[in-house]
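Letters A, B, C and D name the chains as they come in the text, with residue numbers starting at 1 for each one.
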């Protein structure tokens, strides 16, 4: 295996590039999770993470993959046979529905086309219909990583409100949190699920549940069996900064630095940076003449752009070439999109030149792989990265 | 807060001191968990971890605390209302029993005195009595971290065999694995539970399940609901070196180095080092005239020594003084032993001089805290550390 | 100070970006420099560094800046009042001449225009004239970092040979070594001076002297006073892998990995990578319509490109904007070129996408700073980076 | 080669153990040494290092071994043929004298016995005799690392004052700085020489010169040739925080943290910690019945204790056994003391338990190697480490 000079360009929608100070923090010597020193750390991260979810309520931190956050959300609030309304935005929505079934729930999965965000009207119609309130929870994926679409959480909240439906609202923000605006309290979400390895710029290994008072009340009635993921046990001891089992101490070292890093840049600046990268990426895709998987650019994800390959062209062969030649890792198509799309992650720790490099790499890869396209996409994206969008639009 | 010069001495029974090359490995840039590079890593650690459990069967690796390994073991093999036979060696056995109940099982908890290992005869008697085979699993803690006792796993296996009882045998090796001999296959264990932050010398965040064919067969019938911890999903994809959800990539970087490190020293040398440290520690305790929590030294743990404080003396005040004065972290008493015992961890990455330092620190602490004791325990322990046990015994 | 997301782009001609495994090696715990372990390290790096200089003779490694390597070369081979012939390629040649004077030598400094490589014919003419052999050494800078020119070392050797002149040949390769072909033995160089923080991809702090037998013989007669830099003391103890004073142990840890890294990629691949980056950079510069400081592209440096700003445009203001806006550090003009040129480093650890990013950053900076240029330079450079030079040339 | 578990115990008088936060700082990505960011760092370390030397005057920081600091001191202040008065405390004084001769000076080397500190009376007598003021500088080693003696710098200053002798006073504090009290200004020292890899707890690679106004004035007349070590060039540019050549950027990252670390503990606490470790070590040596190389305990070094082996016993064989068996690195005897003494370093980053471990290791080693001694030295040292010296003395 030959040596790869330079830094790898990791541009999948997670795990994302971890800033060196955060990596260094995760490599500090592990400490006693029952010590006073740990207690200070625990209190800091438990308080700090609330500012990221924009909630005054507790956020539970699990040593687990983000996926486990889905499970914690369901287990703590629901009972066997409960109906949950979900929406098929793509692969991750599908997996969450599958999980719900495995856990003994009855998911009702509104059909989507894997090219669009949640259809709020469809949800509202279904809720209006459900006069018996059989639906106990509405579960949506804020940012569908598989297709690059961002859904309207506040809109779903409004649909619940308009229909006077008491279902809990659960939102997966695994690939949107800390990368685009998200407001757990203001948007009236009951359980928000997050993970460490995306916008939080940490290695994988932490899952989060931000909870509402209503969700906490539901937990008292919920009869799905749970132990490791039980909110009650954890919330009790979290009050002093500690955890019921040994937490992932080193990731918490990193989480503290990650939260500080996000606030040092400023959350709004973080969101603007992601939005600019996403806009630049779409500008390049349009220029190349390729098609976005997300049909309506107004629904396009700020963190990942899924690009459709022309018919008959293998997205995976293209990705392999780009990796081999440029040390640029792109995301592949998931489920039915396998080999049909490639995905460009622009999430976490990057800057404008990183994106310029990625788009140059994609464009050189298109050329080397013989994929039909119009040259100059990376060049066009420069105008967006340099903040000249308005001028550009005028000129188009 | 004043700066603490020198290295901290972390001597609780976990998390343990992580060797610098392992810490450094965990701080490598995170990679794509769907890449070929990850596949190689996955295959290496999935193969390597078997050599630590001494099994030819698969070992499941979860991003989770060790505690979650208990849950995975139970969820994958049992059904609601199943009876499990457990033995009260101490705090961790108690917590596992509590978990079993929360998950909908019926734990039968054989009473222990928190000063002894598992009573094999008591287990055998109970199994012999259970002609209907209501007991579906026997669950024991190999090394009870709370009291410093090591139980006889092969003995429990023999009891199952002698009684012809078909129950599964599940063993928690969280604080014994990779520190004292353990043989999943040879001892006929069905599920062995492990964690990363003890003998494996990693930060916390990984849980393990080593499984037997019988356990895998049981999983096909087991009706407890599970998703994140489901063996079947994970085993299928593990065959190619990958994981169904995003694994704790950086801990797996570390796990690879940890396994290599253990084999570089040699597992038998690792076990001898722990045994020597434990013997030296007990030699000092005896010299000081203090009492071990473990009644029978033949049952004493190789990884942690629990020491009883004289009546009326606060173990926690002593521990606080030792921490403040010598930057030595000792373990506290758990549950009913709170403030009554202190625990000296001698597990993971240490050498003879580390133990000499710890015992000197404890002895100086006893003196400074005014705890009645006979001076010279650390001095006596030197003979054990230097390998002069026999000479010493002759001289006593 | 606001937080800067993403990786900084450090593209000065040194210090260069240090690969993470090399940085990690330099952060290993320091060891006893008199231990057997150190002896092994010492022997490895002393042998390995010869493969980089392409010499079978010893290479001396000093804990010092690269500049000190100039001093070591002069002090060990010359005597007070000795005449040395030097050539004014730019700032670094000027500083070396200034140093020679401070050390009591008589530098004769052939005038250059700071836009060209060494004029071999001028050197040959001067040597031919010097029938008395008053010139004791010819000192040239292989790669003039200030102007971005690469000189013909073999040509200077040939000039010495053709004139039968016995002067020593000394070459500064501080910013060329390990980035472009260099052959100490084959080219008949007597002392080659190197440093750690450029092509070797290490932090600054090591200086090197590769020496010929002739240089070692000269050292026996040389009367300039020296102690720390004395070759004789060091060579004697280097034979066993040790150093006369405490060496920079941690940089030697890094040097071992750096040498391994270079050979893993392959020196020829390393050189090709630098050549490609340099060609891409010049392609962009030509496209922008800016002028290279190096007049003749055949003499252009493979590691640094100096670009002249249009009259009246401040190069430093441009660099400040690029740094502020894109976290891209470019080199400034030195000496008489201050504020007149900016320099793009393409040396050490980078890959094609890094260069694409840098050129995009420069182009966006030109636009933002209002510097007149033709857009599309980064786009044009893509063809060179993707290896389509020939096609491109045909198309021009 | 077998793996060595646990942390190595490095107890030579330098390089010393580098605290992990300092190591981590040295592994930060290298930055442009001409950037504003570097300027801030430069100003911080140039200001901070003065607080360590206790001077208001500049301190020069060289990328070089500590030894080079001797050379810088001599080159910048003296002229060829100048007489310097030195005192033979041991190996390092001898090497400095040898260096002075190599640089063209006339060292006058007052004979010592390698078991004592500088004889102030002998120096005073020689100065009094030198009515012509032929002696231009008095050079002494504050802490003679080879023998474990500490000399009276203020006493030598007083001798110069009493005799009204105008010679410069130069002091090597390489193995004492930041470990025991030192006052450049108050003690009237003209040049203080320091290094990074001892009390400053950094890897090797930095040399220091603290200078007096008188030394700066002398530099204007000094005619020894110098370039890399020239004070004038460096002081001019240091005023803005920069350096004339590329400084050892990464060690400066570390130096900043090292200075902060020392002040966080408090210099007086640092000195007390070293004094306590030294007293504990000597207490153990006395108990063992071994002899200190330093004849008069009042002159004993706070940072290194040299222990004489009984006649006929190889110190090096003992050291090899201790290293092999306990991963404890001790210092060997230098020059005429080779194989006759071993040296215990108690300098830099350590705490009381580290010293307890080291003394246990030495004692176990004495036993294993069959060196005649009285057992219990490590035990006796505990009283000193625990701060019970007074009680102990009363009991003796």
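Miscellaneous remarks
The rule we apply is simple: a contact is a pair of C-beta atoms (placed from the backbone, for glycine too) under 8 Å apart; a residue touches a chain by one contact, two chains touch by 3 or more.
Small disclaimer: the values here were computed from a predicted structure and weren't measured.
Shared contacts of chain C and chain D, meaning chains that touch the two of them, come down to A, B. When you average the Cα atoms of each chain and compare centres, the chain farthest from chain C turns out to be B.
Each chain gets a centre from the mean of its Cα atoms; for chain A and chain C, those two points are 45 Å apart. Computed centre separation for the pair chain A/chain D is 55 angstrom, with centres defined by C-alpha atoms. Centre to centre, using the average C-alpha position, chain A and chain B are separated by 35 Å. Those residues of chain C in touch with two or more other chains are numbered 17, 24, 27-29. By the touch rule above, chain C contacts chain B in their complex via residues 20, 24, 27-29.
By the touch rule above, chain D contacts chain B in their complex via residues 2-7, 9, 17, 19, 261, 264-266, 269-270, 273, 325-328, 349-354, 356-358, 360-361, 363-364, 367-368, 375-376, 378-379, 382, 385-386, 388. Partner chain B is touched in their complex by these residues of chain A: 8, 10, 12, 14-18, 23-24, 26-35, 62-68, 71, 80, 99, 102-104, 195, 197, 203-205, 224-228, 230, 245-251, 323, 329, 332.
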